[in-house]
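One chain, subunit A, appears in both complexes that follow, with subunit B as partner in the first and subunit C in the second.
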Partner chain A sequence: MLFFSYFKELVGKEVTVELKNDLAIRGILHSVDQYLNIKLENIRVVDQDKYPHMLSVRNCFIRGSVVRYVQLPPDGVDIDILHDATRREARGP
Partner chain B sequence: MVLGLQHFDDRVGDENGGPRLDSDAGEELMLVERGVAIALGSRPPDSPGTLYITTRRVIWLSDADKGNGYAVDFLSVCLHAVSRDPEAYSLPCIYTQIETEDGENEESESSDSESHGDLELSNVTEMRLIPSDPGQLDTLFGIFCQCAELNPEPQEEEEEENSWFFGSEEMADDGSDSEWQLSEHHANPIGYANGDHDLACTVHELRINDQRFEDAEEVESASRNGHQFSG
Partner chain C sequence: MSWARPEDVFSISLASYLDGELAITSFILLVLLLDGQKITGILRSFDKFASVVVEGACEQVIVGDLYCDIPLGLYVIRGDNIVLVGELDLEGENLPIDPINVSVEEIRRAQQVERDAMDVKGCVRKRMEFLYVD
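Coming up: the complex of A and B.
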(Lines of atoms letter the chains of each structure in order from A and count residues from 1; the text may use other names and numbers.)
(Lines give C-alpha, C1' and ligand atoms only; values in the text may rest on other atoms or scores of the structure.)
Protein backbone atom coordinates (compact mmCIF):
# COMPACT_ATOMS: atom_id res chain seq x y z
CA MET A 1 0.00 0.00 0.00
CA LEU A 2 3.09 2.17 -0.07
CA PHE A 3 2.37 3.97 -3.29
CA PHE A 4 -1.30 4.34 -2.49
CA SER A 5 -0.30 6.17 0.69
CA TYR A 6 2.33 8.12 -1.19
CA PHE A 7 0.02 9.25 -3.97
CA LYS A 8 -2.57 10.31 -1.44
CA GLU A 9 0.01 12.82 -0.23
CA LEU A 10 0.26 14.16 -3.77
CA VAL A 11 -3.44 14.93 -4.17
CA GLY A 12 -3.77 18.51 -5.33
CA LYS A 13 -0.37 18.58 -6.98
CA GLU A 14 0.30 18.49 -10.68
CA VAL A 15 1.54 15.18 -12.07
CA THR A 16 2.06 13.76 -15.51
CA VAL A 17 0.72 10.27 -16.07
CA GLU A 18 2.23 8.28 -18.91
CA LEU A 19 0.14 5.37 -20.08
CA LYS A 20 1.42 2.14 -21.56
CA ASN A 21 0.07 3.28 -24.93
CA ASP A 22 2.50 6.24 -24.77
CA LEU A 23 -0.23 8.81 -24.13
CA ALA A 24 0.94 11.30 -21.51
CA ILE A 25 -1.53 13.42 -19.60
CA ARG A 26 -0.69 16.25 -17.26
CA GLY A 27 -3.17 17.30 -14.64
CA ILE A 28 -3.90 17.91 -11.00
CA LEU A 29 -4.16 14.71 -9.03
CA HIS A 30 -7.72 14.63 -7.76
CA SER A 31 -7.77 11.21 -6.17
CA VAL A 32 -6.24 7.78 -6.18
CA ASP A 33 -7.45 4.42 -4.92
CA GLN A 34 -5.86 1.23 -3.71
CA TYR A 35 -5.52 -0.09 -7.27
CA LEU A 36 -3.76 3.15 -8.19
CA ASN A 37 -6.62 4.19 -10.42
CA ILE A 38 -6.07 7.89 -10.92
CA LYS A 39 -8.47 10.77 -11.37
CA LEU A 40 -6.96 13.90 -12.86
CA GLU A 41 -8.44 17.38 -13.15
CA ASN A 42 -7.72 20.22 -15.54
CA ILE A 43 -5.87 17.89 -17.80
CA ARG A 44 -3.73 18.67 -20.79
CA VAL A 45 -2.45 16.06 -23.16
CA VAL A 46 1.31 16.39 -23.34
CA ASP A 47 1.67 15.66 -27.05
CA GLN A 48 -1.51 17.30 -28.30
CA ASP A 49 -0.81 16.93 -31.98
CA LYS A 50 -0.67 13.21 -31.63
CA TYR A 51 -3.78 12.91 -29.51
CA PRO A 52 -6.14 15.74 -30.44
CA HIS A 53 -9.30 14.04 -29.29
CA MET A 54 -8.75 14.76 -25.65
CA LEU A 55 -8.16 18.47 -26.05
CA SER A 56 -11.27 19.61 -24.31
CA VAL A 57 -11.57 16.99 -21.65
CA ARG A 58 -11.34 18.56 -18.25
CA ASN A 59 -11.30 15.59 -15.93
CA CYS A 60 -10.49 11.98 -16.55
CA PHE A 61 -10.24 8.64 -14.83
CA ILE A 62 -7.26 6.47 -15.64
CA ARG A 63 -7.21 2.79 -14.89
CA GLY A 64 -4.26 1.94 -12.66
CA SER A 65 -3.23 -1.06 -14.70
CA VAL A 66 -2.48 0.99 -17.80
CA VAL A 67 -0.21 3.47 -16.11
CA ARG A 68 3.44 3.15 -17.06
CA TYR A 69 4.85 6.10 -15.13
CA VAL A 70 3.67 8.87 -12.89
CA GLN A 71 5.97 11.85 -13.16
CA LEU A 72 6.12 13.64 -9.86
CA PRO A 73 6.62 17.34 -9.24
CA PRO A 74 10.19 17.93 -8.02
CA ASP A 75 8.95 19.80 -4.98
CA GLY A 76 6.44 17.08 -4.26
CA VAL A 77 9.04 14.47 -3.46
CA ASP A 78 10.89 14.19 -0.20
CA ILE A 79 13.50 11.65 -1.17
CA ASP A 80 14.54 10.80 2.38
CA ILE A 81 11.01 10.16 3.54
CA LEU A 82 10.28 8.04 0.49
CA HIS A 83 13.53 6.16 1.05
CA ASP A 84 12.63 5.39 4.65
CA ALA A 85 9.12 4.42 3.72
CA THR A 86 10.21 1.97 1.06
CA ARG A 87 12.71 0.39 3.43
CA ARG A 88 10.07 -0.01 6.11
CA GLU A 89 7.72 -1.52 3.56
CA ALA A 90 10.39 -3.95 2.43
CA ARG A 91 11.08 -5.11 5.97
CA GLY A 92 7.47 -6.01 6.51
CA PRO A 93 5.39 -5.96 9.68
CA MET B 1 -11.75 -12.62 -20.66
CA VAL B 2 -10.79 -10.99 -23.92
CA LEU B 3 -9.44 -7.51 -24.20
CA GLY B 4 -11.14 -5.02 -26.43
CA LEU B 5 -14.52 -4.33 -27.93
CA GLN B 6 -16.75 -7.25 -28.93
CA HIS B 7 -19.92 -7.67 -30.94
CA PHE B 8 -22.90 -8.34 -28.71
CA ASP B 9 -26.29 -9.66 -29.72
CA ASP B 10 -27.34 -11.89 -26.87
CA ARG B 11 -30.64 -10.42 -25.83
CA VAL B 12 -33.03 -11.77 -23.26
CA GLY B 13 -36.44 -12.75 -24.60
CA ASP B 14 -37.48 -11.06 -27.82
CA GLU B 15 -35.56 -8.63 -29.91
CA ASN B 16 -36.58 -5.77 -27.65
CA GLY B 17 -35.07 -7.35 -24.59
CA GLY B 18 -32.05 -6.23 -22.73
CA PRO B 19 -28.72 -8.03 -22.75
CA ARG B 20 -28.37 -11.42 -21.18
CA LEU B 21 -26.01 -11.01 -18.24
CA ASP B 22 -23.70 -13.51 -16.64
CA SER B 23 -25.73 -13.64 -13.44
CA ASP B 24 -24.07 -16.84 -12.32
CA ALA B 25 -20.82 -14.94 -12.14
CA GLY B 26 -22.54 -12.17 -10.25
CA GLU B 27 -22.88 -9.68 -13.07
CA GLU B 28 -25.55 -7.11 -12.25
CA LEU B 29 -27.04 -4.15 -14.02
CA MET B 30 -25.88 -0.78 -12.69
CA LEU B 31 -27.58 1.62 -15.08
CA VAL B 32 -29.75 1.70 -18.18
CA GLU B 33 -29.72 4.80 -20.33
CA ARG B 34 -31.95 5.05 -23.40
CA GLY B 35 -31.28 7.32 -26.32
CA VAL B 36 -27.54 6.87 -26.42
CA ALA B 37 -25.54 6.87 -29.63
CA ILE B 38 -22.20 5.16 -29.93
CA ALA B 39 -19.22 6.26 -32.02
CA LEU B 40 -16.32 3.88 -32.48
CA GLY B 41 -12.97 5.32 -33.46
CA SER B 42 -13.45 7.99 -36.06
CA ARG B 43 -16.67 6.52 -37.43
CA PRO B 44 -19.86 8.54 -37.33
CA PRO B 45 -22.23 7.68 -34.47
CA ASP B 46 -24.43 4.61 -34.79
CA SER B 47 -28.15 5.23 -34.59
CA PRO B 48 -29.57 5.69 -31.15
CA GLY B 49 -29.57 2.69 -28.91
CA THR B 50 -29.67 1.79 -25.27
CA LEU B 51 -26.70 1.75 -22.98
CA TYR B 52 -26.52 -0.93 -20.31
CA ILE B 53 -23.80 -0.55 -17.74
CA THR B 54 -23.21 -3.66 -15.67
CA THR B 55 -20.85 -4.43 -12.84
CA ARG B 56 -18.47 -5.97 -15.35
CA ARG B 57 -18.94 -4.34 -18.72
CA VAL B 58 -20.45 -1.71 -20.93
CA ILE B 59 -23.08 -2.97 -23.40
CA TRP B 60 -24.74 -0.95 -26.11
CA LEU B 61 -27.69 -2.36 -28.07
CA SER B 62 -28.96 -0.75 -31.20
CA ASP B 63 -32.64 0.23 -31.32
CA ALA B 64 -32.82 0.20 -35.09
CA ASP B 65 -30.79 -2.90 -35.84
CA LYS B 66 -31.79 -5.47 -33.24
CA GLY B 67 -28.94 -7.77 -34.05
CA ASN B 68 -26.35 -5.07 -33.60
CA GLY B 69 -24.64 -4.38 -30.34
CA TYR B 70 -21.27 -3.96 -28.73
CA ALA B 71 -19.78 -4.83 -25.38
CA VAL B 72 -16.51 -4.12 -23.67
CA ASP B 73 -15.24 -5.33 -20.31
CA PHE B 74 -14.30 -2.65 -17.82
CA LEU B 75 -10.96 -4.42 -17.60
CA SER B 76 -10.34 -3.15 -21.12
CA VAL B 77 -11.39 0.43 -20.50
CA CYS B 78 -8.13 2.16 -19.73
CA LEU B 79 -9.42 5.71 -19.54
CA HIS B 80 -12.72 7.54 -19.52
CA ALA B 81 -13.64 11.21 -19.43
CA VAL B 82 -16.41 13.71 -20.13
CA SER B 83 -15.91 15.54 -23.38
CA ARG B 84 -17.85 18.78 -23.82
CA ASP B 85 -15.82 20.96 -26.11
CA PRO B 86 -17.42 21.08 -29.57
CA GLU B 87 -14.02 21.65 -31.13
CA ALA B 88 -12.77 18.28 -29.93
CA TYR B 89 -15.97 16.45 -30.81
CA SER B 90 -19.25 17.87 -32.10
CA LEU B 91 -21.40 16.31 -29.40
CA PRO B 92 -21.01 16.12 -25.63
CA CYS B 93 -20.09 12.56 -24.80
CA ILE B 94 -18.27 10.13 -22.59
CA TYR B 95 -14.91 9.55 -24.23
CA THR B 96 -13.21 6.23 -23.50
CA GLN B 97 -10.01 4.53 -24.56
CA ILE B 98 -9.99 0.79 -24.97
CA GLU B 99 -7.03 -1.49 -24.49
CA THR B 100 -6.77 -3.90 -27.38
CA GLU B 101 -5.50 -7.45 -27.52
CA ASP B 102 -2.11 -6.77 -29.01
CA GLY B 103 -1.42 -3.99 -26.58
CA GLU B 104 -1.05 -1.43 -29.32
CA ASN B 105 -3.17 1.64 -28.97
CA GLU B 106 -2.63 3.55 -32.15
CA GLU B 107 -4.52 6.73 -32.57
CA SER B 108 -4.02 6.90 -36.30
CA GLU B 109 -6.84 6.71 -38.79
CA SER B 110 -5.65 3.44 -40.21
CA SER B 111 -6.15 1.57 -36.97
CA ASP B 112 -9.89 1.24 -37.38
CA SER B 113 -10.02 0.70 -41.13
CA GLU B 114 -11.99 3.10 -43.25
CA SER B 115 -14.66 5.11 -41.59
CA HIS B 116 -17.45 3.61 -43.63
CA GLY B 117 -16.04 0.21 -44.41
CA ASP B 118 -15.95 -2.97 -42.43
CA LEU B 119 -15.16 -2.41 -38.82
CA GLU B 120 -12.42 -4.42 -37.19
CA LEU B 121 -13.46 -4.33 -33.55
CA SER B 122 -10.16 -5.58 -32.23
CA ASN B 123 -8.57 -2.38 -33.54
CA VAL B 124 -11.03 0.02 -31.94
CA THR B 125 -9.16 2.05 -29.35
CA GLU B 126 -11.60 4.91 -28.83
CA MET B 127 -15.29 4.80 -28.07
CA ARG B 128 -17.65 7.69 -27.48
CA LEU B 129 -21.04 7.33 -25.84
CA ILE B 130 -23.34 10.20 -26.75
CA PRO B 131 -26.44 10.53 -24.60
CA SER B 132 -29.35 12.45 -26.01
CA ASP B 133 -29.46 14.20 -22.64
CA PRO B 134 -26.04 15.80 -21.99
CA GLY B 135 -27.12 16.38 -18.43
CA GLN B 136 -26.50 12.69 -17.84
CA LEU B 137 -22.81 12.91 -18.62
CA ASP B 138 -21.65 13.42 -15.05
CA THR B 139 -23.79 10.52 -13.85
CA LEU B 140 -22.38 8.29 -16.56
CA PHE B 141 -18.85 9.37 -15.73
CA GLY B 142 -19.44 8.54 -12.07
CA ILE B 143 -20.85 5.10 -12.87
CA PHE B 144 -17.84 4.39 -15.08
CA CYS B 145 -15.57 5.29 -12.16
CA GLN B 146 -17.47 3.02 -9.79
CA CYS B 147 -17.40 0.11 -12.20
CA ALA B 148 -13.71 0.56 -12.89
CA GLU B 149 -13.12 0.23 -9.17
CA LEU B 150 -15.23 -2.93 -9.13
CA ASN B 151 -12.98 -4.48 -11.74
CA PRO B 152 -9.38 -4.41 -10.59
CA GLU B 153 -6.73 -6.47 -12.32
CA PRO B 154 -7.09 -10.15 -11.50
CA GLN B 155 -4.85 -11.11 -8.58
CA GLU B 156 -1.59 -12.68 -9.66
CA GLU B 157 -0.21 -15.78 -7.98
CA GLU B 158 2.42 -13.95 -6.02
CA GLU B 159 1.41 -10.85 -4.17
CA GLU B 160 3.49 -7.87 -5.12
CA GLU B 161 4.31 -7.04 -1.53
CA ASN B 162 6.25 -10.28 -1.21
CA SER B 163 8.44 -9.97 -4.25
CA TRP B 164 10.88 -7.48 -2.83
CA PHE B 165 14.52 -8.14 -3.48
CA PHE B 166 16.82 -7.72 -0.50
CA GLY B 167 20.48 -7.14 -0.13
CA SER B 168 22.28 -9.41 2.39
CA GLU B 169 24.47 -7.65 4.98
CA GLU B 170 22.54 -4.49 4.51
CA MET B 171 19.54 -6.08 6.17
CA ALA B 172 21.13 -5.40 9.58
CA ASP B 173 20.07 -2.14 11.10
CA ASP B 174 23.33 -0.83 12.47
CA GLY B 175 22.25 2.79 12.35
CA SER B 176 24.10 3.65 9.17
CA ASP B 177 20.99 4.12 7.13
CA SER B 178 22.71 5.78 4.24
CA GLU B 179 24.53 2.59 3.40
CA TRP B 180 21.35 0.65 2.84
CA GLN B 181 21.17 -0.52 -0.72
CA LEU B 182 19.07 -2.75 -2.83
CA SER B 183 21.19 -5.40 -4.43
CA GLU B 184 19.91 -6.79 -7.66
CA HIS B 185 22.26 -9.70 -8.12
CA HIS B 186 22.06 -12.10 -5.23
CA ALA B 187 21.96 -15.84 -5.30
CA ASN B 188 21.09 -16.94 -1.78
CA PRO B 189 21.94 -14.18 0.61
CA ILE B 190 21.55 -14.65 4.33
CA GLY B 191 18.57 -12.74 5.49
CA TYR B 192 16.79 -13.05 2.15
CA ALA B 193 13.31 -13.30 3.48
CA ASN B 194 11.36 -13.64 0.28
CA GLY B 195 8.25 -12.60 2.10
CA ASP B 196 8.85 -14.80 5.13
CA HIS B 197 9.56 -12.08 7.61
CA ASP B 198 9.77 -14.37 10.64
CA LEU B 199 12.67 -16.14 9.06
CA ALA B 200 14.47 -12.88 8.40
CA CYS B 201 13.97 -11.90 12.01
CA THR B 202 15.41 -15.14 13.27
CA VAL B 203 18.46 -14.96 11.07
CA HIS B 204 18.92 -11.31 11.93
CA GLU B 205 19.00 -12.09 15.62
CA LEU B 206 21.27 -15.07 15.12
CA ARG B 207 23.86 -13.00 13.38
CA ILE B 208 23.92 -10.27 15.94
CA ASN B 209 23.48 -11.97 19.27
CA ASP B 210 25.01 -15.37 18.92
CA GLN B 211 28.05 -15.89 21.11
CA ARG B 212 29.68 -18.03 18.52
CA PHE B 213 30.35 -14.96 16.43
CA GLU B 214 32.23 -13.15 19.15
CA ASP B 215 35.96 -12.65 18.79
CA ALA B 216 38.13 -15.31 20.26
CA GLU B 217 39.75 -14.43 23.56
CA GLU B 218 43.31 -13.22 23.42
CA VAL B 219 45.73 -15.76 24.92
CA GLU B 220 48.93 -13.72 25.30
CA SER B 221 48.96 -10.08 26.35
CA ALA B 222 51.99 -9.42 24.17
CA SER B 223 49.96 -10.03 21.06
CA ARG B 224 47.81 -6.98 21.74
CA ASN B 225 50.57 -4.51 21.13
CA GLY B 226 52.12 -5.78 18.02
CA HIS B 227 49.99 -6.66 15.14
CA GLN B 228 52.71 -8.17 13.10
CA PHE B 229 52.79 -11.69 12.04
CA SER B 230 56.03 -13.42 12.68
CA GLY B 231 57.69 -14.22 9.46
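Coming up: the complex of A and C.
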Protein backbone atom coordinates (compact mmCIF):
# COMPACT_ATOMS: atom_id res chain seq x y z
CA MET A 1 0.00 0.00 0.00
CA LEU A 2 3.01 2.24 0.47
CA PHE A 3 3.60 2.98 -3.20
CA PHE A 4 -0.12 3.34 -3.80
CA SER A 5 -0.27 6.08 -1.14
CA TYR A 6 2.95 7.54 -2.51
CA PHE A 7 1.61 7.78 -6.05
CA LYS A 8 -1.63 9.30 -4.77
CA GLU A 9 0.47 12.19 -3.46
CA LEU A 10 1.99 12.59 -6.92
CA VAL A 11 -1.34 13.04 -8.74
CA GLY A 12 -1.11 16.17 -10.89
CA LYS A 13 2.66 15.97 -11.36
CA GLU A 14 4.33 15.21 -14.66
CA VAL A 15 5.95 11.78 -14.78
CA THR A 16 7.54 9.61 -17.43
CA VAL A 17 6.49 5.97 -17.41
CA GLU A 18 8.83 3.52 -19.11
CA LEU A 19 7.19 0.24 -20.02
CA LYS A 20 8.70 -3.21 -20.31
CA ASN A 21 8.34 -3.02 -24.10
CA ASP A 22 10.71 0.01 -24.04
CA LEU A 23 7.90 2.48 -24.80
CA ALA A 24 8.34 5.63 -22.67
CA ILE A 25 5.36 7.93 -22.11
CA ARG A 26 5.43 11.35 -20.47
CA GLY A 27 2.21 12.72 -19.02
CA ILE A 28 0.41 14.16 -16.02
CA LEU A 29 -0.46 11.55 -13.43
CA HIS A 30 -4.24 11.49 -13.25
CA SER A 31 -4.90 8.52 -11.00
CA VAL A 32 -3.49 5.30 -9.65
CA ASP A 33 -5.04 2.22 -8.08
CA GLN A 34 -3.99 -0.52 -5.72
CA TYR A 35 -2.41 -2.55 -8.55
CA LEU A 36 -0.37 0.54 -9.45
CA ASN A 37 -2.24 0.81 -12.75
CA ILE A 38 -1.55 4.36 -13.92
CA LYS A 39 -3.72 6.80 -15.77
CA LEU A 40 -1.90 9.58 -17.59
CA GLU A 41 -3.27 12.71 -19.25
CA ASN A 42 -1.87 14.87 -22.05
CA ILE A 43 0.59 12.20 -22.94
CA ARG A 44 3.57 12.51 -25.19
CA VAL A 45 5.52 9.49 -26.33
CA VAL A 46 9.21 10.17 -25.65
CA ASP A 47 10.48 8.79 -28.97
CA GLN A 48 7.48 9.84 -31.07
CA ASP A 49 8.80 8.73 -34.45
CA LYS A 50 9.45 5.20 -33.33
CA TYR A 51 5.85 4.72 -32.19
CA PRO A 52 3.59 6.48 -34.71
CA HIS A 53 0.42 4.70 -33.57
CA MET A 54 0.24 6.77 -30.39
CA LEU A 55 -0.06 10.12 -32.18
CA SER A 56 -3.72 10.84 -31.53
CA VAL A 57 -3.90 9.39 -28.03
CA ARG A 58 -4.28 12.12 -25.39
CA ASN A 59 -5.07 10.09 -22.26
CA CYS A 60 -4.27 6.51 -21.47
CA PHE A 61 -4.55 3.80 -18.86
CA ILE A 62 -1.38 1.78 -18.27
CA ARG A 63 -1.59 -1.65 -16.66
CA GLY A 64 0.64 -1.80 -13.58
CA SER A 65 2.22 -5.11 -14.60
CA VAL A 66 3.86 -3.64 -17.72
CA VAL A 67 5.58 -0.73 -16.00
CA ARG A 68 9.36 -0.93 -15.76
CA TYR A 69 10.15 2.55 -14.37
CA VAL A 70 8.26 5.63 -13.29
CA GLN A 71 10.53 8.68 -13.65
CA LEU A 72 9.60 11.38 -11.17
CA PRO A 73 10.35 15.10 -11.09
CA PRO A 74 13.13 15.57 -8.51
CA ASP A 75 11.39 18.55 -6.90
CA GLY A 76 8.06 16.75 -6.78
CA VAL A 77 9.39 14.25 -4.30
CA ASP A 78 10.12 14.57 -0.61
CA ILE A 79 12.50 11.67 -0.35
CA ASP A 80 12.82 11.91 3.44
CA ILE A 81 9.11 11.41 3.97
CA LEU A 82 9.22 8.35 1.72
CA HIS A 83 12.22 7.04 3.65
CA ASP A 84 10.41 7.53 6.98
CA ALA A 85 7.23 5.90 5.71
CA THR A 86 9.26 2.90 4.56
CA ARG A 87 10.93 2.55 7.94
CA ARG A 88 7.53 2.64 9.64
CA GLU A 89 6.11 0.08 7.24
CA ALA A 90 9.13 -2.21 7.69
CA ARG A 91 8.77 -2.08 11.47
CA GLY A 92 5.39 -3.77 11.06
CA PRO A 93 2.06 -3.36 12.89
CA MET B 1 -13.52 -3.80 9.18
CA SER B 2 -12.72 -0.81 7.00
CA TRP B 3 -14.85 -0.20 4.00
CA ALA B 4 -13.15 0.35 0.67
CA ARG B 5 -13.15 4.03 -0.16
CA PRO B 6 -13.74 5.04 -3.78
CA GLU B 7 -10.05 5.62 -4.35
CA ASP B 8 -9.19 2.12 -3.15
CA VAL B 9 -11.50 0.41 -5.60
CA PHE B 10 -9.55 -1.11 -8.45
CA SER B 11 -10.14 -0.24 -12.07
CA ILE B 12 -11.97 2.96 -11.26
CA SER B 13 -9.59 4.27 -13.92
CA LEU B 14 -11.13 2.18 -16.70
CA ALA B 15 -14.69 3.14 -15.75
CA SER B 16 -14.16 6.59 -17.24
CA TYR B 17 -13.64 5.00 -20.66
CA LEU B 18 -17.05 3.32 -20.56
CA ASP B 19 -19.08 6.35 -21.62
CA GLY B 20 -18.32 9.58 -23.41
CA GLU B 21 -19.26 13.01 -22.04
CA LEU B 22 -22.84 12.78 -23.26
CA ALA B 23 -23.26 9.18 -22.08
CA ILE B 24 -24.73 8.25 -25.44
CA THR B 25 -21.38 8.54 -27.18
CA SER B 26 -18.34 6.42 -26.44
CA PHE B 27 -14.67 6.86 -27.05
CA ILE B 28 -12.89 4.74 -29.56
CA LEU B 29 -10.03 3.19 -27.67
CA LEU B 30 -6.63 1.92 -28.75
CA VAL B 31 -5.56 -1.19 -26.87
CA LEU B 32 -1.88 -2.13 -27.11
CA LEU B 33 -1.12 -5.77 -26.48
CA LEU B 34 2.03 -7.52 -25.26
CA ASP B 35 2.74 -9.02 -28.69
CA GLY B 36 2.54 -5.55 -30.29
CA GLN B 37 -0.96 -5.84 -31.74
CA LYS B 38 -3.04 -2.66 -31.85
CA ILE B 39 -6.76 -3.16 -31.37
CA THR B 40 -9.19 -0.27 -31.75
CA GLY B 41 -12.82 -0.34 -30.66
CA ILE B 42 -15.36 0.71 -28.03
CA LEU B 43 -14.98 -0.40 -24.42
CA ARG B 44 -18.03 -2.30 -23.24
CA SER B 45 -16.77 -4.03 -20.12
CA PHE B 46 -13.74 -4.51 -17.89
CA ASP B 47 -12.82 -6.29 -14.67
CA LYS B 48 -10.31 -6.06 -11.86
CA PHE B 49 -7.64 -7.84 -13.94
CA ALA B 50 -8.04 -5.15 -16.61
CA SER B 51 -9.54 -7.70 -19.01
CA VAL B 52 -11.74 -5.81 -21.46
CA VAL B 53 -14.60 -6.35 -23.84
CA VAL B 54 -14.17 -4.35 -27.05
CA GLU B 55 -17.02 -3.93 -29.52
CA GLY B 56 -16.31 -3.35 -33.20
CA ALA B 57 -12.71 -4.35 -32.66
CA CYS B 58 -10.26 -3.74 -35.51
CA GLU B 59 -6.63 -4.71 -35.62
CA GLN B 60 -4.73 -1.72 -36.97
CA VAL B 61 -1.61 -2.90 -38.76
CA ILE B 62 0.89 -0.31 -39.95
CA VAL B 63 3.99 -1.45 -41.86
CA GLY B 64 5.90 1.56 -43.23
CA ASP B 65 3.44 3.40 -45.46
CA LEU B 66 1.04 0.49 -45.75
CA TYR B 67 -1.84 0.12 -43.36
CA CYS B 68 -4.82 -2.13 -42.93
CA ASP B 69 -7.73 -2.23 -40.50
CA ILE B 70 -8.70 -5.85 -40.01
CA PRO B 71 -12.23 -6.11 -38.55
CA LEU B 72 -12.47 -8.58 -35.66
CA GLY B 73 -15.96 -8.09 -34.22
CA LEU B 74 -16.68 -8.44 -30.49
CA TYR B 75 -13.50 -9.21 -28.57
CA VAL B 76 -12.74 -10.22 -25.00
CA ILE B 77 -9.10 -9.44 -24.27
CA ARG B 78 -7.57 -11.06 -21.19
CA GLY B 79 -5.95 -8.51 -18.90
CA ASP B 80 -2.55 -10.28 -18.89
CA ASN B 81 -1.98 -9.30 -22.49
CA ILE B 82 -2.87 -5.64 -22.19
CA VAL B 83 -0.07 -3.06 -22.15
CA LEU B 84 -2.12 0.09 -22.35
CA VAL B 85 -5.56 1.42 -23.16
CA GLY B 86 -5.60 4.86 -24.80
CA GLU B 87 -8.39 7.24 -25.75
CA LEU B 88 -8.27 7.99 -29.47
CA ASP B 89 -8.95 11.62 -30.38
CA LEU B 90 -11.95 12.35 -32.62
CA GLU B 91 -11.93 10.00 -35.60
CA GLY B 92 -8.82 8.43 -34.16
CA GLU B 93 -6.47 8.75 -37.08
CA ASN B 94 -3.05 7.36 -36.25
CA LEU B 95 -1.99 6.90 -39.81
CA PRO B 96 1.40 7.64 -41.34
CA ILE B 97 1.80 10.73 -43.52
CA ASP B 98 0.84 9.14 -46.86
CA PRO B 99 -1.12 6.06 -45.96
CA ILE B 100 -1.72 3.39 -48.55
CA ASN B 101 -4.66 1.18 -47.70
CA VAL B 102 -3.98 -2.43 -48.69
CA SER B 103 -5.74 -5.75 -48.34
CA VAL B 104 -5.32 -8.15 -45.43
CA GLU B 105 -3.09 -10.58 -47.37
CA GLU B 106 -0.78 -7.82 -48.52
CA ILE B 107 -0.34 -6.36 -45.06
CA ARG B 108 0.32 -9.81 -43.58
CA ARG B 109 2.99 -10.38 -46.24
CA ALA B 110 4.53 -7.00 -45.45
CA GLN B 111 4.49 -7.85 -41.72
CA GLN B 112 6.25 -11.15 -42.43
CA VAL B 113 8.91 -9.36 -44.48
CA GLU B 114 9.44 -6.89 -41.64
CA ARG B 115 9.67 -9.71 -39.10
CA ASP B 116 12.21 -11.61 -41.23
CA ALA B 117 14.30 -8.46 -41.60
CA MET B 118 14.26 -8.03 -37.80
CA ASP B 119 15.27 -11.68 -37.33
CA VAL B 120 18.20 -11.31 -39.71
CA LYS B 121 19.30 -8.18 -37.84
CA GLY B 122 19.02 -10.01 -34.53
CA CYS B 123 20.89 -13.02 -35.88
CA VAL B 124 23.78 -10.96 -37.18
CA ARG B 125 23.96 -9.03 -33.92
CA LYS B 126 24.04 -12.25 -31.90
CA ARG B 127 26.88 -13.62 -34.01
CA MET B 128 28.86 -10.42 -33.53
CA GLU B 129 28.33 -10.32 -29.76
CA PHE B 130 31.54 -12.29 -29.07
CA LEU B 131 33.45 -9.25 -30.34
CA TYR B 132 32.23 -7.16 -27.41
CA VAL B 133 34.36 -8.60 -24.65
CA ASP B 134 34.37 -6.33 -21.61
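In the analysis below, the second predicted complex is superposed on the first by the 93 of 93 C-alpha atoms of A that agree within 3 Å, B and C clash if a C-alpha of one lies under 4 Å from a C-alpha of the other, contacts with A are read in each partner's own complex, and residues count from 1 in each chain.
In this section, contacts are C-beta pairs under 8 Å (C-beta built on N, C-alpha and C of every residue); 3 or more make two chains touch, one makes a residue touch a chain.
Note that the structure is a prediction, hence the values are computed from the model and not measured.
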{"item": "Most subunit A residues touched (candidates subunit B, subunit C)", "value": "B"}
{"item": "Contacts of A:Pro93 with subunit B and subunit C, given as first, second, both or neither", "value": "first"}
{"item": "First, second, both or neither for A:Lys8, with subunit B first and subunit C second", "value": "second"}
{"item": "Partner chain in contact with A:Asn37 - subunit B first, subunit C second, else both or neither", "value": "both"}
{"item": "Residues of subunit A that lie at the interface with subunit B and also at the interface with subunit C", "value": "19, 21, 23, 33, 35, 37, 39, 43, 52-63, 65-66"}
{"item": "Subunit B to subunit A touching residues, read off their complex", "value": "75, 77-85, 87-89, 95, 97, 99, 103-105, 107, 125-126, 141, 144-145, 148-149, 152-153, 161, 164, 166, 177, 180, 193, 195, 197, 200"}
{"item": "Subunit A contact footprint on subunit C (complex, rising order)", "value": "7-14, 17, 30, 32, 34, 36, 38, 50, 60, 62, 79-80, 82-90, 92-94, 96"}
{"item": "In the complex with subunit C, residue positions of subunit A that touch it", "value": "8, 19, 21, 23, 25, 30-31, 33-35, 37, 39, 43, 52-63, 65-66"}
{"item": "Of subunit A, residues touching subunit B in the complex", "value": "19-23, 33, 35, 37, 39, 43, 50-66, 84, 87, 89-93"}
